[in-house]
Amino acid sequence: MSDLTLDPRAASFDLQHVVSELAAVRQRWREAQQRSTEPGGRELPSREALSDIVKGLRGALFPMRLGPSDLRQESEDFYVGHTLDSVLHGLLHQVRLELSYAARHDASQSEAKVDAHALHIVRELAHALPHIRELLDSDVTAAFEGDPAARSVDEVLLCYPGIEAMIHHRLAHRLYALGVPLLARLVAELAHAQTGIDIHPGATIGAGFFIDHGTGVVIGETAVIGQRVRVYQAVTLGAKSFPTDADGHPVKGLPRHPHVHDDVVIYAGATVLGRVTIGKGASIGGNVWVTHDVAPGAQVTQARSQRDESVAML
Amino acid sequence: MSDLTLDPRAASFDLQHVVSELAAVRQRWREAQQRSTEPGGRELPSREALSDIVKGLRGALFPMRLGPSDLRQESEDFYVGHTLDSVLHGLLHQVRLELSYAARHDASQSEAKVDAHALHIVRELAHALPHIRELLDSDVTAAFEGDPAARSVDEVLLCYPGIEAMIHHRLAHRLYALGVPLLARLVAELAHAQTGIDIHPGATIGAGFFIDHGTGVVIGETAVIGQRVRVYQAVTLGAKSFPTDADGHPVKGLPRHPHVHDDVVIYAGATVLGRVTIGKGASIGGNVWVTHDVAPGAQVTQARSQRDESVAML
Amino acid sequence: MSDLTLDPRAASFDLQHVVSELAAVRQRWREAQQRSTEPGGRELPSREALSDIVKGLRGALFPMRLGPSDLRQESEDFYVGHTLDSVLHGLLHQVRLELSYAARHDASQSEAKVDAHALHIVRELAHALPHIRELLDSDVTAAFEGDPAARSVDEVLLCYPGIEAMIHHRLAHRLYALGVPLLARLVAELAHAQTGIDIHPGATIGAGFFIDHGTGVVIGETAVIGQRVRVYQAVTLGAKSFPTDADGHPVKGLPRHPHVHDDVVIYAGATVLGRVTIGKGASIGGNVWVTHDVAPGAQVTQARSQRDESVAML
Amino acid sequence: MSDLTLDPRAASFDLQHVVSELAAVRQRWREAQQRSTEPGGRELPSREALSDIVKGLRGALFPMRLGPSDLRQESEDFYVGHTLDSVLHGLLHQVRLELSYAARHDASQSEAKVDAHALHIVRELAHALPHIRELLDSDVTAAFEGDPAARSVDEVLLCYPGIEAMIHHRLAHRLYALGVPLLARLVAELAHAQTGIDIHPGATIGAGFFIDHGTGVVIGETAVIGQRVRVYQAVTLGAKSFPTDADGHPVKGLPRHPHVHDDVVIYAGATVLGRVTIGKGASIGGNVWVTHDVAPGAQVTQARSQRDESVAML
Amino acid sequence: MSDLTLDPRAASFDLQHVVSELAAVRQRWREAQQRSTEPGGRELPSREALSDIVKGLRGALFPMRLGPSDLRQESEDFYVGHTLDSVLHGLLHQVRLELSYAARHDASQSEAKVDAHALHIVRELAHALPHIRELLDSDVTAAFEGDPAARSVDEVLLCYPGIEAMIHHRLAHRLYALGVPLLARLVAELAHAQTGIDIHPGATIGAGFFIDHGTGVVIGETAVIGQRVRVYQAVTLGAKSFPTDADGHPVKGLPRHPHVHDDVVIYAGATVLGRVTIGKGASIGGNVWVTHDVAPGAQVTQARSQRDESVAML
Amino acid sequence: MSDLTLDPRAASFDLQHVVSELAAVRQRWREAQQRSTEPGGRELPSREALSDIVKGLRGALFPMRLGPSDLRQESEDFYVGHTLDSVLHGLLHQVRLELSYAARHDASQSEAKVDAHALHIVRELAHALPHIRELLDSDVTAAFEGDPAARSVDEVLLCYPGIEAMIHHRLAHRLYALGVPLLARLVAELAHAQTGIDIHPGATIGAGFFIDHGTGVVIGETAVIGQRVRVYQAVTLGAKSFPTDADGHPVKGLPRHPHVHDDVVIYAGATVLGRVTIGKGASIGGNVWVTHDVAPGAQVTQARSQRDESVAML
């Protein structure tokens, strides 16, 4: 069969050359990063592993709603126990990876110390789960009461991206507090990718938090949010600028995001920047830009004149 | 081998305690929700099941473009028939689940009634599919003609998130109209998660609708949109406020979102709130905030002065 | 067992009718599109296939970070070579599909020509990979240096949606330049769906580009961006309007999106429209709307007065 | 691109014709079987479903050896409970299918009766599991003690096809006794396919049964086997012939396979046919053909002469 | 963390050396086989692909029993048509691979010829399917009537390994007859692995063939079997020896396996060797060794004396 | 909806009781086995893991035939290296599990020793792969030359169960020799389940070994087989009896299976028992039973008289 056209498998890509060039670029990068060439390598935490872990924790937190569809109430505890056992071990491995990575330059950290530390963190998370469930119940209730379109708390739990984001956040925040910020960030980014809601795991958020629609919401690391707060899509609670020290480096650890008190509502597209205080019960109108404190109970809206101008142009 | 370090599998998480605490929280929640403790439980509609159903319907609607890659035109009808058979049965199960859930407190709903009702709904949806395909063809044409970058209608169908959102919406809207709002919402949220476009299944949208880019678009439940309308990313067609009755409860069923007439264009970031009317052929500029009616053919843009001010600050 | 209730499998959907109606709609569409009825059909490039290809290329570009978790440095080249071999063949098939589709009305394109052209494109892409890796290294470094919260370059690579978007864009841009715009668009939309960042594959972006948060960012086809530029969420680099020729058709090929020079920062929600120039080192404030050139080093913010008005309304 | 060779997708198989012919054959078969043409059809038990159910039961019976590899002893009960819950529900569905099928011509069987019957069967099986585990422990011990090559009971459980066959048989036998012979047969055939050991689920087998190697073993429906019996590969415990009634039909329900008493050993390739009795402690040599009773303690071997003849032919 | 034990990922296997040695062995083999070193390679038919194809054909032949569990009779033709379309295209690819492989040294075979030949073969197979279904119906009936334990034809179809083997054989035999012996062999080996029944695809087998138990059955290439024949486990229909030509090479194409006429029964373990004739209605006893013709209606059993001797040894 | 029939999910299985009973049986077993109740448990090697490892090694040994179907010869080494890297690490984990299990009562075995030992074993296996490939090439050649029906060496490699068994055996034998008999046994049982060929990993088999058909072949642990030996289905190379020591325990380590010299052929169903010697070039006829030495070149067949008797009974 001599006249067959070229077999596609015969196509040559000069792979050896490309592979060598890629190795050379990696080598340059590693030298620039002053990384020793380790023969083995070092495993990092895995986004896919975290995704499975969060799915398991969701099911363990809400077994009859987010667990397996054929679960019966009689067997809830079996399911919860078995799922936690499996998921917490997976998490233990991920925590170890982050702690080992963080300790890579620290000779005082023995493997045994890392193991004990990792076990401590996972146990703490496990014991925090009942409280996390309570907080999420309050979020579900807030959504149900805050949205006239919601027909039942079950619908809220099944459908609302804001709830999905808060399940992730409340787990991520605990991981952040327990000292594994990389895992926390990975969990937060899972929610970000799925919902378009970007909450830094460091943000402190009280009970009964409701995010409606949600796409484009950004909440920064040092934000503090009270109870029963409601925000809409595209709301930003951000930082204005970073104070720098004498050398021009950003000073770490300073609160630089807003402090939002209880019962505040922030409408779609509003931007609140810097460590400002939004007083209890205040309301921030859509698309408003706020860089100063807002008094309790105040209602901030955009200047009327601009509205009129817009409409005047008809 | 006595000196082995602790087997990771020996790590104890005190699971029995955590499981009990979680059961206690669930119990409190159920009591607060006045839910009887049912031994069995009750299955709810499933997001994953809906996702598979929508994928099947997409393929049945556009077999040569969104069906299996090796499909031949000669066999289209076999594929369409087999896929519909499988997918509609899956949907029948989901519809039953929603109807049973909705009827959980209604003694007049026998299982047979629920079954008959579910079958009716799925049949109606099946018969609506040809019309839905026609509408989607008009959306594809609108995108192709509205975007100078589009090279072919096939590219539009394969790549454009706005089309993906409309495939979901036109199915979700029909489910909503047929009386299964929870399924409708789940379908809408599938599109929301994938595209960042959040269209309530209740929204009524005419033929030839084109959403460009799309991230951050929000369209509310009672919005009515005419034919050949075009919107860009981050456009909101929302509600201003909810009229309340004497007891302070929101009055349901009132139109509270915009009515957008034929041939309107709304540019990126514009916000239109309340039951205002945007007249035929009007154009709403980027980032404009509209809370009043707009006359047919009018062009609304932001106040010039603000623009100038901005630029004046260079 | 005569008294069993109706077997759900006995439910009839009148499928034959629905299938026929759908066939009729497809027929009308094909006639409207003046498509001959081909007995076979024509395979189009596949989003799923592209997704697998991009995953493989990510792993080949960053084997120890985005490759398999158990990879050892000693075996990197085996992994990179094997992965490229597999992935580039998959890409070769997809490139062929796009080229064949594009050539469907062009009698001068023999199959052999298409094959040779496809092979050329894939080889070019393969040889561009080392340079793409260098550019991505500069993006990672920019993110690490630009975000005080970043703890390591590894964290940036694992977590930041802006990096994910740039991995896709730098591949998509090369595919676009090599003449397969549909594949390029599919790659771009994969990133768009995952990150909410919508960069047209035609956009030219220099080294060290950093997108923070990212949801809602839109960058148009003819945008040109220099080195070390930083943008935040919801920034739009768009077109103002399309110049039309004598017949009212948009004139193609004209630059219609901004040219952003080196070291510019554009804050969240800012909109820059048209072929304006943003000079080296300029800074565009949040939510600002820019339709004119901005001088090098200038700082554009919104009119102070509006801010004050907003706050004055407390 | 007019000169492209024929697209493989354009190949026509004249499918409509084949489909019609196949429908005609099915129709003829159904008429020959006097089956009414039901619009719906009737679901039968599924081999794949049974396979998953048996896998689950294996894990629940031996959680630390055949359950998930990361299971910890502390969590065994959670795992066992959750697995049983899931698997027994799957089994309930399969039992229902068999009972409904069996009742298809029996007007006295209401759906409620079938449901209650199915639930009874699954409950009985569930309560039999501890006893089944005890029997299997005795089989494992017998294999460990009977095979000098066995290094540990764990190795026996992991590797020995005879144990795999007995796990299936002890479950299948119970299903058979509970009145679901089709499910029982499916379970037996799963073992047959995997191990080449073909034990009819009706066979009654005492504790401590050991099958070595196993390929080709066949044990018939009415065989009765005592305790501590050992058989090797290719042993048949079969029927000689079927007694027929006046009309020439086989008489059902008569014992027609061997009764093997305690402590018997049957070597490879031996064939024992009919309702013969093999007395306690007897030994049947390799390839021997037995159709008469064997006394307790007897040792049956092939005629010496044949052996010698064979060797004499050298 | 300097005292960590060796990272398992750091284990070195001296891979480069092993890879080189393996390449050297391959090279020696290829030289010994006088294979040119082709840059591309040549794809062979795939066992996995054939497995999927056979699964699809099983479903298309018996849609309500071996097709998807939720299939309804109303939609059978859609399922059958869609499945055949998909499966026959897969087969077309495999047929092409075998024909191309067979033609690798034949300059007269153009690619177009191979394509046309492959299409012809697949079409022929497609048109043979109704007849294959009829033959399989006769096999199912034979098993149902031949086994007193069989409760229904459905049980036979679901459970009996002999039926599974015949589904594979009747397809394999047709492929063999159509000139793709490698594909035929792969199909036969799929059944062999699953059932322990080894039927050469060349064997000619009439309607109503029933294999009981089946493990260890071997039927050779030139065997011819009439109608309504029944065989039990471990029956061999083999060749005695290969006639050789003047050079000592086996003479191909001569019938060398038994010809078994209608209504013969061959009991377990019997061996029939060479081109002997077993006359209509004959019966061959268990473990009997036959190398001569057997007259119609004869009953062959083992010499009585040996039996007696065996038992006499008690 | 009060009159709904019982939700199947409400079916109660009294699970808590079953779970407790199963726990009690496990406890009794552990006490009988004198196993301490460990809180963690101990992971054993996994059949599934071994199955994946063997699949990978098959591909690495025969990349163009048993590797991925799209592999090109140019990239063989990349594929082989990457596959070995992944598979050998998986094997390292399994070897560690077996060694740890074996050392569970041995205080002299530190974890570090176990790790070093495991690494040594895997390295040795890796370096043995080229030799294993050479042996397998000789087996393929033997099958091709020994079976007149074989059309090419590629067909032999793809289809013949005897080759599949030998790929497993040659790997298993090496693992056995390296001191991990449990892994070796698991690999052997994978082949046994798939092919019905049961070769103990301890058996020593020379080059050019060919097993035809194969179902029912059993080859014992201390069997020694020379070069170019051929066996057919259902051949047993077994032990006669176990010599026992003064206490009646089997004496371990004595050769108890046949020694088969070069160029021997053993036909179907033959049984050779004990440490007998089958001389070079001998031939053992079908179904013959051999318990004495056979001289070189001898041809052993069954006594003629029995044959004649059988036929005489017609």
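Some points to look at:
First chain written, first letter: the chains are A, B, C, D, E and F, and each begins at residue 1.
One rule holds for everything that comes next: contacts are C-beta pairs under 8 Å (C-beta built on N, C-alpha and C of every residue); 3 or more make two chains touch, one makes a residue touch a chain.
Because the structure is predicted, anything quoted here is derived from the model rather than measured.
Distance between Cα centroids is largest for the pairing of chain A with E.
Centroid analysis (C-alpha atoms only) places D farthest from chain C. The two copies, chain C and chain E, are related by a rotation of 180°, based on C-alpha atoms and rounded to the nearest 5. Where chain B touches chain E, the two copies mostly use the same residue numbers: shared numbers make up over half of all numbers in play. A repeat of the A-F interface exists among A-D, C-E or B-E; more than half of the contact pairs are identical by residue number at C-E.
Chain A and chain C have Cα centroids separated by 24 Å.
Note on chain placement: the centre of chain A and the centre of chain E lie 56 Å apart, centres being C-alpha means.
Chain centres here are Cα means. That of chain B falls 50 Å from that of chain D.
Taken residue by residue, chain D touches two or more other chains at 5, 8-12, 15, 19, 38-43, 70-72, 74-75, 77-78, 80-81, 85, 89, 111, 196, 215-216, 234, 287, 302, 306, whereas all remaining positions touch fewer.
Put simply, chain B touches chain C in their complex at residues 60-61, 63-65, 69-74, 76-77, 80-81, 84-85, 88-89, 92-93, 111-112, 115, 119, 122-123, 126-127, 129-130, 133-134, 137, 148-149, 151-155, 158-161, 194-196, 213, 215-216, 233-234, 268-269, 286-287, 302, 306-307, 309-311, 313-314.
Note for the complex: chain D touches chain B at residues 9-12, 15, 19, 70, 72, 74-75, 78. By the touch criterion given at the top, residues 5-6, 8-9, 11, 13-26, 29, 33, 37-47, 101, 181-182, 185-186, 189, 192-193, 196, 198, 200, 215-216, 218, 221, 234, 236, 238, 242, 250, 252, 271, 273, 287-292, 294-295, 298-303, 305-306 of chain B touch chain A in their complex. If you check the complex, the residues on chain E that touch chain B are 68, 70-72, 74-75, 77-83, 85-86, 89.
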